[in-house]
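Going by the order they are written in, the chains are A, B, C and D; count residues from 1 in each one.
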Amino acid sequence: MKTARHPDDLVAMIPDGAVLMIGGFLGVGSPHRLIQGLVSAGRKGLTLIANDTHHPGLGIGKLIDAGVVKRLIASHIGTNPETQRQMTAGELEIELVPQGTLAERIRAGGYGLGGVLTKTGVGTIVEKGKPTIEIDGETWLVEKPLRADFALISARQADYFGNLTYELTAQNFNPVMAMAAATVIVEADEIVAVGMIPPDSVRTPGILVDYLLEHPA
Amino acid sequence: MSMNAKELIARRVANEVRPDSLVNLGIGLPTLVVSYIPRGAPVLLVTENGLIGVGPRPPHGMENPDLIDAGGGFIMAIPGAASLDSTATFGLIRGGHVDLTVLGGLQVDARGRLANWMIPGRLVPGMGGAMDLVTGAKRVIVAMIHTAKGTPKIVEECALPLTSVRPVSLVVTEMAVIEPTAEGLVLRERAPGVSVADVVGATAAKLIIPPTVPEFALS
Amino acid sequence: MKTARHPDDLVAMIPDGAVLMIGGFLGVGSPHRLIQGLVSAGRKGLTLIANDTHHPGLGIGKLIDAGVVKRLIASHIGTNPETQRQMTAGELEIELVPQGTLAERIRAGGYGLGGVLTKTGVGTIVEKGKPTIEIDGETWLVEKPLRADFALISARQADYFGNLTYELTAQNFNPVMAMAAATVIVEADEIVAVGMIPPDSVRTPGILVDYLLEHPA
Amino acid sequence: MSMNAKELIARRVANEVRPDSLVNLGIGLPTLVVSYIPRGAPVLLVTENGLIGVGPRPPHGMENPDLIDAGGGFIMAIPGAASLDSTATFGLIRGGHVDLTVLGGLQVDARGRLANWMIPGRLVPGMGGAMDLVTGAKRVIVAMIHTAKGTPKIVEECALPLTSVRPVSLVVTEMAVIEPTAEGLVLRERAPGVSVADVVGATAAKLIIPPTVPEFALS
């Protein structure tokens, strides 16, 4: 059972230098109040794993604006000129990862797999410095698992076990990130009593979730 | 890069869309294709951020904040739509379950290889889903303006970083339809009013010219 | 759009010698009418990929009884003495695969991955004849993808796009098998109009499904 | 192999179950553990065939045909239960999200390695989920009768095929609690009325005997 917590209490658990996964795709399905909490708390030196950095002033873009991210692993930064500026200025170290590979690497981290064998990136600059393996005459790129200290997850509904549902394109990276972090913190649109989410509707089982964000007073 | 050129490309690409197929359209020019898909060819559009069955933009005031396309614009969902998380979406893409992807291009080389995701030192947006799509979709069509301010974009060898070493299926421009084959780039069609010599003159890769090169059929 | 078909028409598509995946765990979530159709049609020489062979006379056990399976890839045959008898007698070739590895190998087949890097089986007889790979000092077993000519899937609901839902423990291998076969045939408890299954309830998107089994007259 | 021996094992194992943990119980003896888990320690039971939140057997006439455990028996689901497909279930198991698995054993060796899935030429049921569980669960407890018709099952080297090379966390029998460590098998506890000499006599692997070996505490 989890009790819903104040955002300050949750953000206080996240130290400077932590490795974070944050769900969302251009802000849809991102945990916006937790992100705001991180900015307000003045964290620094974070490593961030996320699909994108949205736009300046919005969602994950706020973390970039505030300069709290030291290292970023993402698939797309084209919507955020500030991210590109910090990269060019050498203030932000960025690893660009194909979106499907990013999802699979996070999954591998959460599923106990040693890596991902993919064709994506073979023969391109993405391959640089990575091992390849030949299987039955075909070459595959070996991409390593990703794990995080914390995953900040956005959900449609949570129950007090931590069972989660997601809505439409707000799902994206949230379920897979909930598998791959030591501590999982959830910001849900709604928190319901245990038993209100039918077993077949649960997309993330509550056992993966550590903390729920309380609703605004 | 007139509106007419883009429309021409979109209309020609629309002819390549098969009924009952799962189609991904890239941001920008490729998105225009949806307007020209023949009514009798019901297709399902899939977006990288996790929806099969993308519908049109919602009327103002009827947006759903949790329902966007990969460009961040609000969309609707058609009846029978399905939500997917990122692993499932890219499982469909990488597992060969997407019948067609239409993407923009910066360069295509003589082996049919596409570069479309970065210009080192100038534009580094990241590859997003492009590498997965070009590597995994059943058919890949590049929809692009033939030249960039007069400089050919179809070249012997891409100077820009490749998106994938897998050759694309077809290149459609406002001047020509070009098919990469094992023998090289074959000029399949030319746009209305464009001569074979025009195409050759605007292309920096060797083109194989069949005995007849018909004009586009447009949808 | 798919129209529902008579079982005879569907079974007629499956030739002798085909590679089949069939969903289910001890019969729960197996497509029982399609299985019966295969037995009645007198198929032979099939390769079967399934979690288990249930009991003699039940579910997939009927295919074993009828001797239509030449090769079996499964994780557990302990509930079916006839499967073990045929194996011992050399009538049935069996590859035993750890259940999690079986699920991941099928997923790899459907997701375009080159294989699975797992710790399961390392140093055991499961490792025999298979490549291993060392990553950052740890040894991982490389398990190859599995694909099939046909997947026979059991679902709770289907719509005429082929979108599927599953119920409780009847889900098991069905969704992953629906990704990994050239032709996917679905036996659903219920077929509903397009639009009746909310997008967030769909567990297998219809684009993966080729045929639906009609309901009994 | 009296009923008392199995009950003794189940009651001792139940003491190892931590509150709010995700627990998998193997078929047979391990299943008995559920009856002895202290009321104050709410645990979630997960079954390999895809349910978190396994409840008790349903009353006769209230079975749900789509709701079984990994042994094929009808079960109920507790409020807050969640269904999973096979990839997700084994993702939890292999990814270290299952806190404890309790499994039966045929042999355990001096390095703590378990053999529990086949007797070549005699019993080849297949490993089912056992290899994944022993390799991936956070803690692995072997719950087994100490000997097989007088023959020790705790041996220097397993003669039977291993389930995993990863050592188990604890072995609980009706005679003893034994913990595999880097130094070897440590005799942690003995059953009521059983002496250290009794345990040593029924064990074919070297045991490390601490100065004091207390009797079981039972739940």
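Note that in this section a residue touches a chain if its C-beta (ideal position, glycine included) is under 8 Å from a C-beta of that chain, and two chains touch if they have at least 3 such contacts.
Being a predicted model, the structure only gives us computed values, none of them experimental.
J.: Using the contact definition stated above, find the chains touching both subunit A and subunit B.
T.: C
J.: Tell me which has more C-beta contacts between its two chains, B-C or C-D.
T.: More contacting C-beta pairs are found at C-D.
J.: Using the average of all C-alpha atoms in each chain as its centre, how far is it in Å between subunit A and subunit D?
T.: Once rounded, the distance between the two centres reads 35 Å.
J.: For subunit C and subunit D, what's the span in angstrom between their mean Cα positions?
T.: 29
J.: Quick check: how many Å separate the C-alpha centres of subunit A and subunit C?
T.: Using C-alpha averages as centres, the distance is 32 Å.
J.: If a residue has to touch 2 or more other chains to count, which residues of subunit B qualify?
T.: Expected reply: 51, 77, 83-84, 90-91, 94, 136.
J.: Which positions in subunit A are in touch with at least two other chains?
T.: If we look for residues of subunit A contacting two or more partner chains, we find 104, 107, 111-113, 118-119, 166-168, 171, 199-200.
J.: With touch defined as at the start, can you tell me which subunit A residues reach subunit B in the complex?
T.: Of all residues in subunit A, those touching subunit B are 25-29, 51-52, 74-79, 84, 87, 96, 98-104, 107, 118-126, 156, 166-176, 203.
J.: With touch defined as at the start, can you tell me which subunit A residues reach subunit C in the complex?
T.: Touch residues, subunit A against subunit C: 104, 108, 111-119, 131, 133, 135-136, 138, 140, 142, 144, 165-168, 171, 199-201.
J.: With touch defined as at the start, can you tell me which subunit D residues reach subunit C in the complex?
T.: Touch residues, subunit D against subunit C: 47-51, 64-70, 72, 77, 83-87, 89-91, 93-94, 124-132, 135-136, 161-166.
J.: Sort out for me which residues of subunit D touch subunit A in the complex.
T.: The contact residues of subunit D facing subunit A are 20, 22, 42, 44, 46, 51-53, 77, 79-84, 90-92, 94-97, 136.
J.: In their shared complex, at which residues does subunit A touch subunit D?
T.: Contact set of subunit A toward subunit D: 1, 107, 110-113, 159, 161, 163, 179, 194-195, 197, 199-200, 202, 205-208.
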